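In the two complexes below, chain A is the common chain; its partner is chain B in one and chain C in the other.
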Partner chain A sequence: MRDPAVHGRPVRGVLGALLALAAAGLAGAIASAILTLPERPATLAGEVIATLDRSGVESPVTAVLLDFRAYDTLLEIAVLLAAVVAVWALERGAPPLPSPSEAADPVPGALARLVVPLAVLSGVYLTWAGAYRAGGAFQAGALVGGALVLLLAAGILPPRVRAVGRLRAAVVAALAVFIAAALAGLFATGRLLDYPPGAASRWIIAMESALALSIAAILADLFVDVPALAEPAAGPEDPR
Partner chain B sequence: MTPPLLYALAGAGLFALGLHAFLIRRHLFWKVLAFNVMGSGVFLVLIGAPASPPGGGADPVPQALVLTGIVVAVSATALAIGLALRVAAKTGHPHLPEDADA
Partner chain C sequence: MSPAGWTLDVALVTLILGLAWRLLWTRNLFEAVVLFVAFGLTLSLAWVRLGATDLALAEAAVGAGLTGALFMHARQRLAEKLAERAEEEVDG
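== the complex of A and B ==
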């Protein structure tokens, strides 16, 4: 039995059937567009491979993310920061969720003590490996972010991560490093987000490390702060 | 049928499924979930549709695009769920005002 107050009623009847038909037709249209793509579609892969040795890294994906299209990555980390700041603004005044007690459930704590050091080690490796093969700041950030979430779920870290100044600093670190690198590149080479010849790989590793740190901190922060937004009207006994 | 083509076609199906759920469901959490399924469909098409570059392997440009997109989608989803929770906390029901009386 579904409670309509909780689930809401989906659209049914003639309108529902029409929408289902339209969605099926859209799937067919997209599929036929994919099937009729030209045999040799436009691709920038050749250009990426041809100029890879000028990028300072050996992985073509990292070269695109942090050299050829570093501007996109700069905007991406700005979008992440904007999402976190918006969540911070929404939760102003919301009471913090109670911290889970390690005495009540010792399993997450034991698991965290096993897994978190390995996850952090793997994150450092992934950040470094991004210069040469599959890997990079995003995968590393997701892994370390997961480790932070485990620490929070086990009650080892305090639940209000953002109250910890250092984690707040980690949230903004990547954008700060990116803007600093963009401006430094502008002064050194005359072009925004261009790197001095020969130093590109060191710059990229530094920016990747900052990215991994910030992505981990942002993911963990969102994990803690978003559930707190439900607090003011948690139960049905809310007077309104 | 090559595996990348299969991914791209599955992406087309996922996008349409997600759009359908997005249109017929009124609960905001369903809508956020449906939007994520649509996004996953777009990522699959972007990865599966381009032909392999001459050197072999996958095309790095769409890969980089999708990698960026996944991270943005995760944070945008967190913000969307936060907004939905706020709507539920303020109004007592997890729907948009125009869907609440339906």
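== the complex of A and C ==
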């Protein structure tokens, strides 16, 4: 069966040849870069392992993301927030898609009712597990974000709920918690994003939880078709 | 490396390349999205084989799950746009 949304016309002729040449050149450059990698790449893994017991967590990946290089993670979540604000701006004035009805297609709804509780449970576990093994806020957030998308696709989340309010509070939660932690750390230890000794693991778990929540909300928000910023006249639920 | 591990790796690489090739050449966008999700899951297995469990988790959740859903969403929008345009042409 041919898809209704078929590809555009294929690129041919001089432009096609140029594109093929450029793609081949890029592939060659990547291949040569990989082949000329040093035998023993410069790595900080040894130092991370050596100082792991000072980070408050047992997983080296989480120690780097939330402690040694927490500043990078702070900027990352700020970038994600900026991206989703741009999406809100683009969606403004776009006509909303008709909400899918469950009566028309019961399969997504049935699937969502099975999968979403499991996904949320796994998300909580992954956030917690990030402290001592593979896992962490980004994976957990993506998982819960996927669950939210399933709810939206099945038409279980009504448009009114998904439009404003709590979703946007969740979107900014991580950045708020991160900045609060950075400033609290500044007052407590004199250094930005440094945690008071002994309390590091509790701080990291709190920040991981906020990160997971925000990432889930941000990813789900990319799928929300209705303008995320409700018109002021739309109702008493004023955007905060 | 054990023969079993070697066989698994070769099978994974073949599967990844085969899926990539098919998804680039199919003319059916729905099929392409499904192949992309399968590609993401296979790639996350490859990350597990390379010992990067964190990456494997992220790849499965973002690469296979969310991006697949986003593509499916975009395809649906595209189909609606095309149907709209066809209707306009009939009317005008």
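Please note the rule applied: the second predicted complex is superposed on the first by the 198 of 240 C-alpha atoms of A that agree within 3 Å, B and C clash if a C-alpha of one lies under 4 Å from a C-alpha of the other, contacts with A are read in each partner's own complex, and residues count from 1 in each chain.
Just so it is clear, contacts are C-beta pairs under 8 Å (C-beta built on N, C-alpha and C of every residue); 3 or more make two chains touch, one makes a residue touch a chain.
Being a predicted model, the structure only gives us computed values, none of them experimental.
In the superposition on chain A, A:Phe138 makes contact with both chain B and chain C. With both structures placed on the common chain, the touch criterion links A:Val61 to chain B and to chain C.
Applying the stated contact rule after C-alpha superposition, one finds that A:Leu219 touches each of chain B and chain C. By the touch criterion defined above, A:Leu114 reaches neither chain B nor chain C.
In the superposition on chain A, contact of A:Ala17 is made with neither chain B nor chain C.
Legend: residue contacts after superposition of the two complexes on their common chain; A:Thr43 is shown touching chain B, with no touch to chain C.
Between chain B and chain C, the partner in contact with more residues of chain A is B.
Residue contacts after overlaying the shared chain place A:Gly146 against chain C, while chain B stays out of touching range.
Using the contact criterion defined above for the overlaid structures, shared-chain residue A:Leu90 touches chain B, although it does not reach chain C.
Counting contacts by the rule stated earlier, residues 5-7, 61, 136, 138, 142, 219, 222-223 of chain A appear in both its interface with chain B and its interface with chain C.
Across the complex, chain B meets chain A through its residues 5, 8-9, 12-13, 15-17, 19-20, 23-27, 30, 45, 48-51, 53-55, 57, 59-61, 63-65, 67-68, 70-72, 74-76, 78-79, 81-83, 85-86, 88-90, 92-95, 99, 102. Residues of chain A that touch chain C in their complex: 1-7, 61, 97, 126, 133-136, 138-139, 142-143, 145-146, 149-150, 153, 219, 222-223.
Of all residues in chain C, those touching chain A in their complex are 27-31, 53-54, 56-58, 61-62, 65-66, 69-70, 73, 75, 77-80, 82-83.
The touching residues of chain A, when paired with chain B in their complex, are 5-12, 16, 19-20, 23-24, 26-27, 30-31, 34-35, 37, 39-41, 43-46, 48-49, 60-61, 63-65, 69, 72-73, 76, 79-80, 83-84, 86-87, 90-91, 136, 138, 141-142, 215, 218-219, 222-223, 225-227, 229-234, 238, 240.
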